[in-house]
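Got some structures for you, see below.
Both of the next two complexes hold chain A, though its partner changes from chain B to chain C.
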Partner chain A sequence: MKLNIEGLLVYFPYDYIYPEQYSYMLELKRTLDAKGHGVLEMPSGTGKTISLLSLIVAYQRAFPLEVTKLIYCSRTVPEIEKVVEELRKLMEFYSKETGETNNFLALALSSRKNLCIHPEILHANIVVYSYHYLLDPKIADLVSKELAKKSVVVFDEAHNIDNVCIDSMSVNITRRTLDRCQNNVDTLQNTIQKIKETDAAKLREEYRRLVDGLKEASVARETDIYLSNPVLPDEILQEAVPGTIRTAEHFVGFLRRFLEYLKSRLRVQHVVQESTPQFLKDIFDKVCIDRKPLRFCAERLQSLLRTLEIADIADFSAVTLISNFATLVSTYSQGFTIIIEPFEDRTPTIANPVLHFSCMDPSIAIKPVFQRFQSVVITSGTLSPLDIYPRILDFRPVTMASFTMTLARTCLCPLIVGRGNDQVALSSKFETREDFAVIRNYGNLLLEMSAVVPDGIVAFFTSYVYMENIVASWYEQGILENIQRNKLIFIETQDAAETSMALEKYQEACENGRGAILLSVARGKVSEGIDFVHHFGRAVIMFGVPYVYTQSRILKARLEYLRDQFQIRENDFLTFDAMRHAAQCVGRAIRGKTDYGLMIFADKRYARADKRGKLPRWIQEHITDGSLNLTVDETVQLSKHFLRQMAQPFRQEDQLGLSLLTLEQLQSEEMLKKITQIAHQT
Partner chain B sequence: MDEEPERAKRWEGGYERTWEVLKEDESGSLKATVEEILFQSKRKRVIESHGQVRLGMMRHLYVVIDCSRSMEDQDLKPNRLTSTLKLMEAFVEEYFDQNPISQVGIIMTKNKRAEKLTDLAGNPKKHITALQKAVDSVCVGEPSLYNSLSLAVQTLKHMPGHTSREILIILSSLTTCDPANIYELIKTLKSLKVRVSVIGLSAEVRVCTVLTRETGGSYHVILDESHFKELLMLHVKPPPSSSASECSLIRMGQCTDGFMSNINLTLKPMFSTTLSPSVSCGPGLSLGGYFCPQCHAKYTELPVECKVCGLTLVSAPHLARSFHHLFPLDAFTEIPEEEHHGDRFCQACQGELKDKSVFMCPSCHSVFCVECDLFIHDSLHCCPCCIHNQSGP
Partner chain C sequence: MDDQGCPRCKTTKYRNPSLKLMVNVCGHTLCENCVEMLFVRGSGNCVQCDTPLRKSNFRVQLFEDPTVDKEVEIRKKVLKIYNKRDFDFASLREYNDYLEQVEDIVYNLTNNTDVENTKQRMEQYQRENRDVIQRNKAKLTREQEELEELLLLEQQGNEQRRLEVLQEEQRQLQAKRKNKQALLDELEQSHVPAAILLAKHKVRAAQLETQIEQQKQTVKPASLFSTGIHMNQTVSLQPLPRIEEVLYQYKPLQVETYGPPVPELEQLSRLGYLNHVRAAMPQDTAGGYTSALACHRAIQDAFSGLFPQRG
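Up next is the complex of A and B:
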């Protein structure tokens, strides 16, 4: 159908449209009009991707000078493939409607096997790739630096974008890294030696170039061709590479010294935490390495690798990592911290020293993106509370909106279980974590639910340790045995192969009527990437509130930083983080309007306003007073009723006019009025 | 604590809905209630059932009753098993009333096994006695869909091609314990043109959705006892036969009635030819009975297949009852209440028309309420006003 969105003609490749899609496009268009950034939350399964694509493509066609390129960033390869599939549908629709062959070029970068290096790709109208291509400075430099300024960047599934930013800027160095680095440096030295004997002119040429400095890069940045690289700070572009590391041998020697220093730092017996200036002072005192050459380390190494014509860069990942670390540590005096731990907390007897160079400020990595591109849209199914993202990513959006899901039938049923049948309060909080009564009641909840919920149930725990304790205890109490009478039990482990095996068998059991329960962990692989459509997840049970492990030193440092720099209280951030993960977990069950599922929050703390208020609006609006602080029995009764209602025949006609619209229905006055209520501005 | 008793009622379910249906949703028309959708589907059923021409008149139906542990659940009163068996009795009665020349068999599944309660037979009494006895059976273990289906198929696959082969499963459990891959069996069922329908007592189970979709059956889940009954009665009506099924002429004997025939004025007690123990009254002396027109064997009950010459014996009313399915009453037109200006009373029950739509017979233009519309189409199969006009002066 053809839509008119505030004067813009949008081709939409389906015959029907959800009201919230229309509303979403309206908000998106306003964002593009204002040339600003936006934060948009819309539940999964309501056609976010196609709405985004149709509107932006229409916008590109209408105003080719305003928006030249769409950069669509998604998280995983299957998601990228889905985007491409939708795009293909849209393009087919265009050529069918307009009759002209289309001159749109779209490009998806998923993996090396699909890589194309034809120069034409630089002019692609749409680029679809993973986050890392834009956020990770190491990759962004290769892939994304030539993208035009007048692009629209979309981050889909962006609820974890701050963590991606932080990860892309953080470096962890173990003894193994250093050993491999040592080998790299040896190889470098040998290669230099060899080249010197055969082709000394090449090295001299490089030297001359370095004297000229990084003029090229500097010119490029001024003329606005490249996306700025956060690893390559502005100042060093003005200067030439310092003399101490200008020749290849000197540089390798310099690397050796730096490496020895790091090795000595890893020989610690107790935990050390220091800021970057402290670290720089220490390195100067001990091995006389100045700040300036450190800063050029990454760039100098790149130059050397190019000169030596080394093909297989992957072998040199260790030394690249170290040199990046050197540049980062000497560049940023704020937003980073260095923590050296001699052993893991869980295994204090096994020495495994790690140097964490941890980024605490996600805005550092994403800043160039916000500065460079005219519109950046952050969107996901769960972005609540919306206002926290602009704060931690340090940008000012022009639109922030949360959309609900219009439903012809209430297909999601969030229930907050606060008590067992014996009135014991259910909670995963630290004090009652070992409490026998709580564990028994949790077991009872799962047992009762396994008897009334058909096919698949997914249960999430707050951590692997907690899951192990509970499951062991259930086994002793004989609860597991009773559950197995109703359904098979599968468990997610930290081993990826084991988990995918469990998942496969779980799906098989759901498929052939045996029924199964998957025990998994919030923040684990299952909680983020895997959808449990229809019968694969008729109920999700969230045991406890998935707070992050608060004793971690890295987290503590980050919380402190957030409090000092952004005035976000520790507790607010922790709750926000826990709730977004809880929302992700329970959101796994509903993947569309024809799907249905129970969302069971088994912790009395969810009933409190500060927790409940942080859930996405589309879940929150279905939590009534009647679904708070329930006992296990009440939950079972409500679930039974809900499941029977949902099993009634449900056809497309039932949705039409309510949650699914034809073009005529969309144009009616009444509907347009309703649509304006769907978007919730904050 | 004050709100506790009131709350307790809400969890009971089942009893609250009847009057809450009429209340408008808080959020206006944004959310259509499930009841509204159900009502529409009910109407649709009436309308839909008129499009068909070919029906499988001679039906062979196996009813599989789940007797697993979950049948002890007390959400149907007094428990699921008792309630199901009671409804099944009514179903068997109704089934033979509407499909006199068809047969039914009953299979029970529990403890991962399936066993026949009764074989395929055309006599309601036998089934009803068996059902009454089954009330005392113990519900244990898990049901097995695979075993029940294969047991039913063993018999059904020998039935002639012009008859329908159907299986109706009443499933209470949410799991099934199968000895082999059920998807293979579903393929076999499909190739044998066996229609499998399921009535779920608790929730929608994936494997049943696939099973019914593949074999062309229907899948419903009950809301409460009355809904259960409604769903069960849906299966009384013969399903449309697939175009692939064979057509054949069947020789049938119209039996001469022993009482009415002029020849036998003096009533002599005679032995019935029924030798099989499957008929509950058994062989014996009786005054009344039916004679086979071909070999003059005497039977006390119809319909039956003649034991002597193999002719299918039916009586005229049987055929008539079977045939009304072929000549259904036209659907009444639905008119919104405000557009209707005539009578304010239903022509059938004389009650006031209060619902938001009324129904009009297309031939005599009498109006009816929803309930009467359903009654006329489901039970009477003819419009009372049309009949009245015909017989009147």
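Up next is the complex of A and C:
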């Protein structure tokens, strides 16, 4: 259908539209008009992707000078494929409606493509790729150099974007890395010797270039500044390489010293935590390495590898990692911390020294994106509470909106089970994990649900260790045997092949009616990427609150940093993180308005206002006061009732006018009024 | 590092992990015991390269590669002499050239190439730039001190903030407890029906919650003045322009009265007005009060009330 959104003509390739899709497009248009950033939360399975694409393509056609490119960033390759599908449909619709072939070029980049796509990107109107190509400073330089300012960047499924930013700027160095680096440095030295004997001119040429201050990669351009090396001011970027590392031999000696220093640091017997200035001071004291040459380390290494014409760069990954680390540690004095652990917490007897250089401030990696592009939209199904994202990513959005699903029939049923039948409180709190009664009650819950819910149930635990403990106890108590009489049980492990096999068989069991339960973990691969539509996921059970391992030192450093810089309390942040994962997990079951599912939160802590308030609005709406602290029996009762209701035939005509609209219905007065109320501005 | 053995008494290192390896100026290692034994007379020759060595020049090995130890030692010595900073040079290029020179010197000394020449060059440089070296020595230590200060300030700031947050939480807990206690007391003592008390209590609790929420949203303590100047920045103010102005001249107030002139304060007692006024008590006079003051005031009022003569 053809829509008119505040004067903009939008081609929408379907005959029916959801009211929230319309409001979403409205908010998006307003964000683009204001040339600012936006945070939009829309429930999963409501056609977010096609709304985004159709609005932005329409905007591009209407104002080709305002929005030159759309950069769509997604997390995984399957998601990128889905986007390309929708885009294809949209383009077909366009050519059918307008009768002309449009010359829109869309480019999708998936992983492991090292092709130089420079000229093609300049001409493409839409580019689809993964987050990392924009956020990771090492890769952004290669791929995203040419992107102009007047582009719109969309981060889809961006609820984890702060973790992505942090990971892209963090480095972990183990003893093995250093040993491999040592080999690399020795190889470099030998290669330099050989080249000196055969073709010294190349090295001289490089030397001359470094002396004159010409950098390899930066021929001045009329377009804009780069994305890599975020916080450095321009003068430093354009500076010449310092004299201490000009010649190849001096640079190799420099690398050797730095490497030896790192080796000596890894030999500590106790945990060390320090800030970057302290680390730099120590380097200077021990091996007389200054800050400035460290900063140019990565660049100098690249230049050297090119001059020596090393064909297989992958062999030198260790020394590249170390030089990246050197550049990072010398560039940023705030927002990073260095933690050296002689062994892992859980295995104190195995010597495994690691140096964690961890970024605590996600805004560092994403700041250049917000500054460079005029409109950045962050969208996902689970972004609550919305105001936390602008705070930790340090940007000011012009729109922050959360949308709900308009439903003709309530197709989700969130229930909070707080007690077992014996009134024992259910919780995955650390103190109650070994409690026999709690484990038995959890088993009872799963057993009862397996008898009541048809087809597939997905159960999420807070961690692999916890899951293993519980399953072992269940086996001993004989609960597993009883469950297996009702449904088959599959389990997710840390091995990718095993998990995909388990998933496949789970789906087969759901298809042919035997029914199955999939036991998985809240931060695992299943919860992040797999959708359980219709009969594959009729119920999702969240056992406990999926807090991250709170004793890790890196996490503690990060919480402290958040508290000092952004005034975010530690508890609030941990709860926010746990709840967004929980919401992600339960959101797997609903993928569309005809889909229905039970969402069971099996922990008494979910009933508390601070946790409930952090669930996305479209789930919170359906939690009634009566479903707050149920026992297992009451849960089973409510589930039976819900499932029977949902199993009644539900046709499209029932939805029309309420949750599904045709063009005429859309344009009626009252509908437009309702639509403006859907977006809840926070 | 623990896999390295002493090149002389090889077995001893494996059996005794607490044994230390020492490095000397030639870059070869020896374990502590061997050093003791071989250099009992204070000087001797290196086992591997036969260079004459002193016992005092042995240092504990910090790095796995003894050549790196050697290089670091040499570098420290060289940098003591070649300690010019970037502001001593006219352009960045000259500074970089100077740095490269230093690297060359260290490289030569470490690899034992062209040692004589290099040493001569060093001595010449030292002679020529003695005063610059002295000056920069003092400066270098000052910079390190400043860095230390910064780090210390950082730490103190963090401590303070943490304490503040803790205190704030304590205060909130106290407030909540007091509220609860107040409710219990009220229920005990007052005659108002319990439902109303409970409602009032709920309202108060809600108010407390909003207060706490507001406090949580407190804005970061300002680090910028509204003009954009940082709070710690020392700003040199321009001298204010002097504006010459005319000085103010005091003119006493003239009051017009109709009729006889108002008697002055001092004349009042002579004229007898004070006989009709209550005399000031000793306590009143201590503060400086005299009855003449009140009298004068009353007389002024009276005289101001006189109307002009008709006609």
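The rule we apply is simple: the second predicted complex is superposed on the first by the 656 of 682 C-alpha atoms of A that agree within 3 Å, B and C clash if a C-alpha of one lies under 4 Å from a C-alpha of the other, contacts with A are read in each partner's own complex, and residues count from 1 in each chain.
Following the convention adopted for this analysis, a contact is a pair of C-beta atoms (placed from the backbone, for glycine too) under 8 Å apart; a residue touches a chain by one contact, two chains touch by 3 or more.
Nothing here was measured: the structure is a model prediction, and the numbers come from that model.
With the two structures aligned on chain A, chain B fits next to chain C without clashing.
In the superposed model, A:Q567 lies in contact with chain C only, and not with chain B. Once the two complexes are overlaid on the shared chain, A:V287 sits against chain C while remaining clear of chain B.
By the touch criterion defined above, A:P277 reaches chain C but does not reach chain B. Which of chain B and chain C touches more residues of chain A is settled by the count: it is B. Legend: residue contacts after superposition of the two complexes on their common chain; A:H250 is shown touching chain C, with no touch to chain B. In the superposition on chain A, A:P348 contacts neither chain B nor chain C.
Legend: residue contacts after superposition of the two complexes on their common chain; A:G99 is shown touching neither chain B nor chain C.
In the superposed model, A:G7 lies in contact with neither chain B nor chain C.
Once both structures are overlaid on their shared chain A, chain B and chain C have a minimum Cα-Cα separation of 18 Å.
Interface residues of chain A facing chain B in the complex, by the touch rule stated above, are 406-410, 451-455, 485-487, 510-515, 534-535, 538, 626, 633-634, 637-638, 640-641, 643-650, 654, 658, 674. Remark: chain C residues 1, 62-65, 68, 71-72, 75-76, 79, 92-93, 95-103, 107, 110, 144, 147, 150-151, 154, 158, 161, 165, 216, 218, 220 touch chain A in the complex.
Of all the residues in chain A, the ones that touch chain C in their complex are 211, 213, 239-244, 246-247, 249-250, 253, 256-257, 260-261, 263-264, 267, 275, 277-278, 281, 286-288, 560, 563-564, 567, 569. Those residues of chain B lying in contact with chain A across their complex are 10-13, 29-32, 34, 37-38, 40-41, 70, 75, 142, 145, 174-178, 181-183, 200, 202-209, 220-223.
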